[in-house]
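These are the structures, in structure tokens.
There are two complexes below, and they share chain A, which is joined by chain B in the first and by chain C in the second.
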Partner chain A sequence: MASPLLEIRDLRVHFETRRGVARAVNEVDLTLYSGERFGLVGESGSGKTTLILALLRMIKKPGFIAGGKALMEGTDLLALDPEQVRQTRLARVAMIPQGAMNSLNPVLRIGEQLALTMREHGQPPGEGRLAELLQAVGLKPEVARRYPHELSGGMKQRVCIAQAISLKPRLILADEPTSALDVVVQRQIMQTLRSLQEGLDATVLLVGHDMGLMAQFAQRLGIMYGGKLVEVGTVEQIFRSPQHPYTQLLIASIPSFEKKGEFKGIPGVGLSLLNPPGGCLFHPRCPKALPRCASQEPQLREVAPQQLASCLLHEEAQA
Partner chain B sequence: MSVLLEARQVRKVFHSGGGMWGVPHENVAVDGFSLRLDDEVPAFITIAGESGSGKTTVARLLLGFAEPSGGQVLYRGRDLRELDREGQRQFRHEVQAIFQDPFEVYNPFYKVDHILETPISRFGLASSAAQGRQLIVEALETVGLRPEETLGRYPHQLSGGQRQRITIARALLLKPRLIIADEPVSMVDASLRATILESLHRLHREFGISFLYITHDLTTAYQVSQRLVILYHGTVAEAGEVEQVIKNPKHPYTQELIRSIPVPDPGQGWIEEPVAEKEETEESLVAAGCRYAPRCPHAQPRCLQALPPLYRTGPERAAACYLYDSAPQLAGEELSQVLEQGGAPHP
Partner chain C sequence: MERLRSFLYYLRENPKLGIGLGMIAVLILFGVVGRLLVDPGLAQPLSTTPRQAPSWEHLFGTDDAGRDLLTVMVVGMPLTIRIGFLAGGVGLGLGILLGFVSGYLGGKIDTVIRGTVDTLLTVPSLVVLISIASTVREEISIELMALVVASLSWMWPTRTIRAQVLTLRERAYVQMAKLNGMNSFEIIWKELFPNLLPYLAASFVGAVSWAILATIGLEALGLGPQNEPTMGMTIYWAITFSALIRGMWWWWSIPIAFLVLLFVGLFLVAAGLDELANPKQRRAV
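What follows is the complex of A and B.
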């Protein structure tokens, strides 16, 4: 396997609220490799978006990074000063936002917006570089002279991708970048993103909850529940032999054209981060829970080559 | 047969511009839409389309929240616009709505009990407070909520899935004949999606309630419905029996949609295979022809000249595409027949 690009160690992001501390990201350890496409999955409130915001140092009060490291090519992203953060964003770590519609400046022509951020980083683009960038994301060079409102949703998302790759970052973070687009356009955009990622040998961290998209785009997956990473594995391992009971239920709940009139929800309600259960966070909903799951916290451990899961059932088997 | 709700060749046009700035602009949100819901035979019909396809406008027209610019919406044979007070009350009783956002329909200052008690008092469903309470308890249990964990709480104390199930319970209290559900699960996590769809499906089967399910998600549409309508930019691209439409789509748009759904099974070539259709390069509006033509890999010159009519591609289905012009055309409101249970008699 390729060399590690980003090593997240014991990352914690907390939110201080009147009713107590919510551990939105809790003791997460994760290594991303150079040139891989990694998908991070979880329901809303599981901490997946908070995790990528922490990497970009965009956590806002009442949230804060309560501990941990994110080592990328020798530097800890979480220890950078504001000026270093500014230099790192876009140039080394870039983000493709969820709503391309709202992240472009409506009064700037596309070419001007792309040039603006590149100039900020001391790399003002010539007309040739702009045309090249637009072509790389499948747009005509003329688009540089258009305003955002003149473009379709898919085209705007392509502009956001052009912006994200403009300084050839090593790590691209993407938060459900296609959730507002129809599936045909989604597929075209994800194909573009993949070929760019391969061309740059960049790492993509895709966050979302569309398991179909994850199965088709990612090579490895991480599953989050209640701020914790509960399982990590290759996309084949997660879909064909999920080891954590939550992952198993999640995979079983996916609707498909094979299962008509068949519904498999995950029992119980999502957990409250302000009042999490003791032991394993998933145990109140887990059909396989053992009595000690209520008191003992499972650790993420290897259950197969390259596959990690945090479940006492596996600790049991290994003991 | 007795018809509960019917849309006849409904059209909705929104006007924009024409003020101090810009030219007046007509935006046809829905055109030529027909649908008939029988009172006795409960139906489960999905209206699917991307954002901007007009699917929510169809729901709003059928609910009487928007007035058609052309055509008619009839409730028990009477135009929605001409209903008297009693007629309106009956309509609001028999036809219920569930919306996408289970957060917006709540007043944060009232306990959730309020949203359940209102229809009981408004429609006089119970003769005593105890009976009203009993109705609420039954409705909550039907959608899989424990009344003791739900009642007496404020909306912010409940999860999105619980809130959405309360709105379903509310709709259920009224024992409606029809529930129009606009994207009821798109804001709910995958793990709860199945549970909520299951409640809807059960209400249909056990209580004989008809459903109109509005969604962009063909997979869940396939799971719950019997009939499917695919809208594209306000017009019906394809419609018919769900199994046939999904497994053997006829319209190039439906074909590409189904091919593009990322299946939750790794290694299917989704990311490698080229997409057949052209990407829309600009926000282009086709004035006269097929709205899909600019993206369609099979487009011919005539597609740009006139909107293709619906052709009957099978006894229980139709597609609006010139590729099927050898099949008989569907006239006017015949789209409703395709969407009826058992389909239309084969000509």
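What follows is the complex of A and C.
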């Protein structure tokens, strides 16, 4: 495997609320390799968006980064001063936003918007570079003279991707970039993103909960639950032999053409971050829970080559 | 050229803006062209026969002190408009600065600015204006007059602009600008400001209206520049020399008619710009 690009160690993001501290991201360890496509999956509130916002240092009060490191090419993203943060954004770590519909300034032409951010990083683009960028994401160079309201949703998302790659970042964070688009456009956008990622040899961290999309796009997957990473593995491993009970239920809940019958969800509701259960966070909903799951916290450990899961069932097996 | 054409085309869709701008333009032209046709000296006291009703020689008549009222209008209208634009401009400028800083940066600065504005808004402005104007009365000039009025016309703009900025700064594209490494100043200037332009234009017209009204109020009380024939001062002299009961109707009705034209014009422009700034208010065609 390629060399590590980003090493997240023990990342914690807490939100201080009136009713106590919510641990939105808790003790997350994750390594991303250069040139890989990594998918981060989890239900709403599981901390996936908070994780990428922490990497970009966009956690707003009452939230704060309570601890941890995010080493990228020798620097800790979490220890940069504000000016370094500004320089890192877009140039080294770029973000593709969730709602491309609202992510473009309605009163600026596309070309001006792309140029604006590039100029901020001291790399003013020429006419040619703008055309090149737009063509790279499958748009005509003429789009530079258009206003956002003249573009379709898919085209706007392409513009956002063009902006994200404009400074050739090493790491691209994509927060459900296609959630507002129809499936045909979704597929085209993901293909565009994939070919650009391969061309730049950049790492893409894709956040979302569309398992089908993840299966097609990502090489490795991480599953988050309640702010913790519960399982990491290759797409093959996660889909064929999920090791954590949550992942197993998640995979089992994917509708399929072969299996007929009632649609099965995961029983219970997502946990409250303000009042998390003791022990394993998933034990109240877990069909395989043991008595000691309520008191003992499982650790993420290797269960197969390149596959990690945090579940006491495996600690049992190894012991 | 292309822009002018599309602007003229837009005016057909938004007649309020067109008519309002037209009225203001006519009033300004009245002052500019009028200066070429009449002798400005006739606006000074004792320059012609006093107490003349409108006639071919004195189209708008003359006042008690021997000023030709047509000339007074020609000289006074631009003065009044100038005070309004100066005071409105300074007031709005302060409002933009404080509103953007307060709304975008938030925190302690916001608390201080908002607290000051909210406190000052409760102070009846006319009282303050009267006390300032009567202290500096002796040497008051057009520019000083404008500054006195501007000193109390920045609070509403600050408050409303701050409110607009508060909603704008949470928009996804502003967040993205931040995530793309733009600094605060650039975001305010290049992302927020262009979005607020129509709103700021409407605020500007509102501020100008308010400033002219405040100026005329002060002048009608005799607190304006004594040596300049502004609209408000003309009304002041008409009141002082009891034009109403002496049957000199032209003395008070003509400046009032001009002011009505000015205010209707400003109102129409403000309403038209409001429509431009809030497309949702546009009538369904």
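Everything that follows uses one rule, which is that the second predicted complex is superposed on the first by the 316 of 319 C-alpha atoms of A that agree within 3 Å, B and C clash if a C-alpha of one lies under 4 Å from a C-alpha of the other, contacts with A are read in each partner's own complex, and residues count from 1 in each chain.
Everything that follows uses one rule, which is that a contact is a pair of C-beta atoms (placed from the backbone, for glycine too) under 8 Å apart; a residue touches a chain by one contact, two chains touch by 3 or more.
Quantities reported herein were computed from a predicted structural model and do not represent experimental measurements.
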{"item": "Touching partner for A:Leu116 - first (chain B), second (chain C), both, neither", "value": "second"}
{"item": "Partner chain in contact with A:Arg12 - chain B first, chain C second, else both or neither", "value": "neither"}
{"item": "First, second, both or neither for A:Val269, with chain B first and chain C second", "value": "first"}
{"item": "Partner chain(s) touched by A:Lys168 [first = chain B, second = chain C, both, neither]", "value": "neither"}
{"item": "Contacts of A:Pro97 with chain B and chain C, given as first, second, both or neither", "value": "second"}
{"item": "Partner chain(s) touched by A:Met211 [first = chain B, second = chain C, both, neither]", "value": "first"}
{"item": "More chain A residues in contact - chain B or chain C", "value": "B"}
{"item": "Overlap of chain C and chain B interfaces on chain A (superposed complexes)", "value": "none"}
{"item": "Residues of chain A that touch chain B when the two form their complex", "value": "43-44, 138, 140, 150-152, 154-155, 180-188, 190-191, 194, 209-217, 235-236, 239-240, 249-251, 253-257, 259-266, 269-270"}
{"item": "Interface residues, chain A side, partner chain C - complex", "value": "56, 58, 85-91, 94-95, 97, 99, 102-108, 116-117, 120-121, 160, 163"}
{"item": "Of all residues in chain B, those that touch chain A in their complex", "value": "50-51, 159-162, 189-198, 201, 216, 219-220, 222-224, 243, 246-247, 256-257, 260-268, 270-272, 275, 277, 279-283, 295"}
{"item": "Residue numbers on chain C that touch chain A, as the complex places them", "value": "171-173, 175-183, 186, 190-191, 194-195, 197"}
